[in-house]
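In structure tokens below, several structures.
The two complexes that follow have subunit A in common; it is paired with subunit B in the first and with subunit C in the second.
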Partner chain A sequence: MRPGTGRRAERLAPYVLVAPAVLIIVVLRLWPLLLGVNFSFTGDGALNGTAVGLDNYRDLLDDPLFRTALRNVGLLVLLLPVAVAIPGLLATFIYLRVPGHRLFRSVYFFPAVLSPVIVGAIFNLLLAYDGPLNAVLGGAGIGPVDWLGNPNVAIFAVVGVHVWATFGMALVVFLAGFATLDAALVDAARVDGASLRQTIWHVIVPGLSRTIQFVFVTTMIGLLTSMFGLLYIMTSGGPEGSTYLPEYYIWIQQGQMNRPALASAASTALFVIMLVVGLLQIGLLRRAGRED
Partner chain B sequence: MSRVRLGRWLIAAPMTILAAATIYPLLFTANVAMKTRREYILDRFSLASTLHWENLTTAWNSAGMARYILNSLIVVTCSVVLLLLIGSMAGFALGRVRFRGSSALFLVCLAALFIPFQVIMVPLARIMADGGLIDTYPGLILAYVAQFLPFTVFLMTSYYRAVPAEIIDAARIDGNTLYGVYRRIMLPIGTPALLSVGILNALFCWNDVLISLLMMPSADHRTLMVGVTSLRGQYSDDIPTFAAGVLIAAVPVLVTYLFLQRQIADGVTAGATKG
Partner chain C sequence: MKQRALWSAVLVAALALAGCGSAADSGSSSGGSAGKLVVWDWKSGDASAASYIEKAKADFAKRHPGVTVEFVAQPFEQYYTLLGAAIQSGKGPDVMLFNGGGQIRDRVDALLPLDQYVDEDKQRLAGWDAFTKDGKVYAAPVTLQGHPIYYNKALYQRAGLNPDRPATSWSEFVANCAAITKATGAKCFAQGNKEGIGIQFFMSGLGSGILSPREYDDWVAGKRDWNSPGVKRIFALWKEVNDKGLNNDGANSTAMFNDAFAVFQSSKAAHVIGLMSDIGHWKDFAEFLEAGNVGVMTSPVVNAGTTPSLPYDGGIGYAVAKWTKDPKVAAELVRSLTSAEALKAFHADAGAIASDTTIDVSSAGPAVATIVSEIKDGKPALHVALSSKTVDLMGRLSQQLLSGSITVDKAVEQLAATDQAG
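The block that comes next holds the complex of A and B.
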């Protein structure tokens, strides 16, 4: 090889190395995002390809199923602090070396590696009307609850299962955050006679603010985008559409109802919701961090 | 001191109950999988009197699980190999080579991290259909690579950023081209990160349902997790066989977890601490 071409090949080398990744990401992730937004302003069926303005968005807001999905998103946002606090508190205890902490760590993390489909299938058995959970509650004199059949209960049952299945992820992230925390501070607080609550509130929470922020955002993303498997196998959106979430709505409109443009409008709405919720969270948590 | 001890045990008690609640659903399923239908209907909780292993073979044979598992293995293996190859090439270039436009290209990869699959699935399905890739292995593999590549590039870039520049300079002086540096130095050095990211990607792909449902809809091409969802209808009146199918589907991941727990946890936390 002549030295000239060698040098030119060397100059191009980094671009060649990056090219496959960038190409795939641009063509199959960024481009579809634009395509989808554009698509949401066109019609379905006979109107395929023609511009219909905001009609799809109007249809969305008129659709009781989508309204339920939005209401459920609101519910998830309200439940978010609980879904973050549980692993946070458990991680704190493990960090403070409660007896058996090593075992707890690996046991709690284990459901997080199971597919939502497996988890959902297992809980289908456990939560059945004539299933074990109701048998146990019946033994304690609590009447049978139709966990997956009662529209007022089902969404809580599914979210509960999701939290059961994923709190281990957040727990492990919290523990990694603890590893960066100055242990001397915690020890000093304990020696000074601070109660557990004071230690958590005044030493651990401020010291872990970045980790907490990260867990808040990832838990929210998880609640909004990784419950499909559970919904698909546990409730199929029912009973009476009460467990719809935007991701399930998108799937139904695209795959079952053959309304891809409407599904695209729902996708765009989901993306906007996630952006708003994410930015709000970061803003709120930043401010809370500064006030401390 | 004794008061502190007591406090600790008071916390350990509910944590033990929670740990039991974490394990119990799986043990319950395993027990049900070993019962006869009659035994299950009479008493859900009793231990299986004799172990009815035949439930496992029934589920395995009549539900076609071997086919599902083969499909999953093909797709997951190809996806992970491609992810690691493409991800480490990009990670090396973006993390350790200075070239014009590198930070802009890194931003492109980073931005994709915040686009969930649900947001792009409709147009993606259309693109795949236009390319004749729906219901093919390459289609699903490509969809998985696209889905998990941003995360892989991000982690590999931060891993390679921490590699001392002297190592690369020395290799360059020895007459290696950039490709040579990647192949002879960066790939071996990257092994721990590639292992963590690879295991995590394998889990993500193996556990996925939505992408698989969308890209490989026909019964022949079902991956294992989609196959499990179809078990439900098939065995709605034969719970032990259903449980046996679920158990078979869970075993590969459980075994992986037992052996690679640390690597999985490392992969999860790398995303958090590097972020």
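The block that comes next holds the complex of A and C.
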């Protein structure tokens, strides 16, 4: 073998090694994505295959359902701090060894292993109008709440269940973060007579800033991309269309309304939203990385 | 550095999008070649449909021994999504199952008109209208689907009412309900509108007692006046029934399938507008209430001058795709799937009212006998005539009507606009 061949093989090796991954991403992800975007500029039904320009996007903006779906995305972003604070607080209590913390650690994680369909079915029963939760409320003298039938309440009920079902994962991440926290700092705070609130605010939160940022990012992705199962089981987008999210809208238009091109337009819109969110998050992570 | 971040962002987002947007691959089971037909449905996997499929296959094999038939059972929740993807690519099954009404009418572009093949069956089978668009038949009916009003005879008896003489007028009906609620605590209607389906059943179940025969026929024929007093009365009555407490509590958060039916089955409500076939029907109810206690009535007369009738249509039916290689053979398979022998098996095992009205149903109990006897004078259901878009909107508006966030006038205005556009 001449020395030249060996060098060339060495030069090509990285490309060959990377090729399968690149091919999979390009052929199975990016190319279909482009096809989808292209498809969103064509018509549905009788206009199938003909270019209609931005008509589908205009339809989207005119559709109150899609606007509701986008509003709900905004609402999810607003609810994000709550979804992060809950596992954060609970992890703090476990870290501070409240009585029974070992039990709580496993109990809190348990819902994370259940599929959204099962979780949805369980809460459909619990939150039914004549269900146990309302019975308890009734016993306490509070009128029944139509958890899944009141358009002002339903979205919060679904998000609440989603948080309940998924916070176990974030809790574990938080606990891992606590493992890196310098216990001497917490002890020092205690010796100095800091209250629980002061300990959390001045010692734990700063110590865990990177963990908190990471949980923010993963919770955000979870909220935006994996609510479909719960929505489908718990509300089917209702009542009055108040719990629509873009994913659900896309599914309805494609599968039930037979409007695949409009669904593609909605997918493209969701893609742009995810792109913006993704960029923001990467910026956030990079900044967090620099701080260290 | 910035460049790299941008690219990774693009990739992350692309991965996320592709993950949620992509349909399942259907390549392996689609596209029959010559000598092979592929059938898509959501029934053939059920144990209760096994003998039906077997009989249909045997019937077809007698006529076309050289052609193999492959049944692919798809999950119903994904069925129209998968079918939409197949239609979009112009490749898919040769024969496919459809629900009557909007689901098939929205997709006739991909289907073959069957008139010339199924002419002989037209007399024997009922329910063709649901599979017809612009005068052409696109599928042959297998079952009939409709919306009888079921009532609980035991509750009638406990309230001192004659269970064999249900009310014929609306005022009498409401009075009976009051008596039942007083005596037994049961509500008048089991109502589930979580999916927005309650309004469909309500509209069709009571429509023949609200609209004059003329207006009813016009509606079905596509000449719909949403602003007529009759149509507004349907929606006003929908609201009134709920406001007066005739429905079970929380109708908007009760799923029709199957929470509302469960309310009826557990005798917590005296009436339910149910189905004729498959689910939420006489067979399900009889399991809980005993066949003798399940009564069937037509709509009480709400508006004078109406003649109540059983609302029904073709329920499910098999259609032939435009792209099939040999349309004649595929149509023959559809005929086998609607042969008398096969349908008899379907009725007996799956608890469906088959499209073949010559089948003997006497062993299935009094409710079925009543339903079958009413088929002759029955008419297509009102909501089946609407496009899926209008039905979808109607579902949301009906929830708003119950919660009081929209008026009847505003609701019919929106429905009229959508109905005309679609």
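The criterion applied here is as follows: the second predicted complex is superposed on the first by the 250 of 292 C-alpha atoms of A that agree within 3 Å, B and C clash if a C-alpha of one lies under 4 Å from a C-alpha of the other, contacts with A are read in each partner's own complex, and residues count from 1 in each chain.
In this text, a contact is a pair of C-beta atoms (placed from the backbone, for glycine too) under 8 Å apart; a residue touches a chain by one contact, two chains touch by 3 or more.
Computed from a predicted model, the values in this text were never measured in an experiment.
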Contacts of A:15 with subunit B and subunit C, given as first, second, both or neither: first
Touched partner set for A:30, first subunit B, second subunit C, both or neither: both
Partner chain(s) touched by A:98 [first = subunit B, second = subunit C, both, neither]: first
Which superposed partner A:201 touches (first subunit B, second subunit C, both, neither): neither
Touching partner for A:241 - first (subunit B), second (subunit C), both, neither: second
Larger contact residue set on subunit A - subunit B or subunit C: B
Subunit B versus subunit C as contact partner of A:90, first or second or both or neither: first
Partner chain(s) touched by A:260 [first = subunit B, second = subunit C, both, neither]: both
Footprint overlap on subunit A, comparing subunit B with subunit C: 25, 28-30, 32-33, 36, 124, 221, 225, 228, 247, 250-251, 254-255, 260, 267, 270-271, 274, 278
Residues of subunit A touching subunit C in the complex: 25, 28-30, 32-33, 36, 45-46, 48, 124, 127-130, 144, 146-151, 221, 225, 228, 235-236, 238-241, 247, 250-252, 254-258, 260, 267, 270-271, 274-275, 277-279, 282-283, 286
Subunit A residues within the subunit B interface of the complex: 6, 9-11, 13-15, 17-18, 20-22, 24-33, 35-36, 39, 90, 93, 96, 98-100, 103-104, 106-111, 113-118, 121-126, 131-132, 135, 164, 169, 172-173, 175-177, 180, 196, 211, 214-215, 218, 221, 224-225, 228-229, 232-233, 246-247, 250-251, 254-255, 260, 263-264, 267-268, 270-271, 274, 278
Subunit B residues touching subunit A - in the complex, by the definition given at the top: 7-9, 11-12, 15-16, 18-19, 21-23, 25-26, 28-29, 32, 44-45, 86-87, 89-90, 92-94, 97, 99, 102, 105, 108-109, 111-112, 114-127, 142-143, 145-147, 149-150, 153, 177-179, 182, 203, 206-210, 213-214, 225-226, 228-229, 231-232, 239, 242-243, 246, 249-250, 253, 256-257, 261, 264-265, 268-269, 272-273, 275
Residues of subunit C that touch subunit A when the two form their complex: 5-6, 8-23, 78, 80-81, 84-85, 88, 106-107, 109, 194-196, 248-255, 259, 388-389, 392, 395-396, 399-400, 403, 405
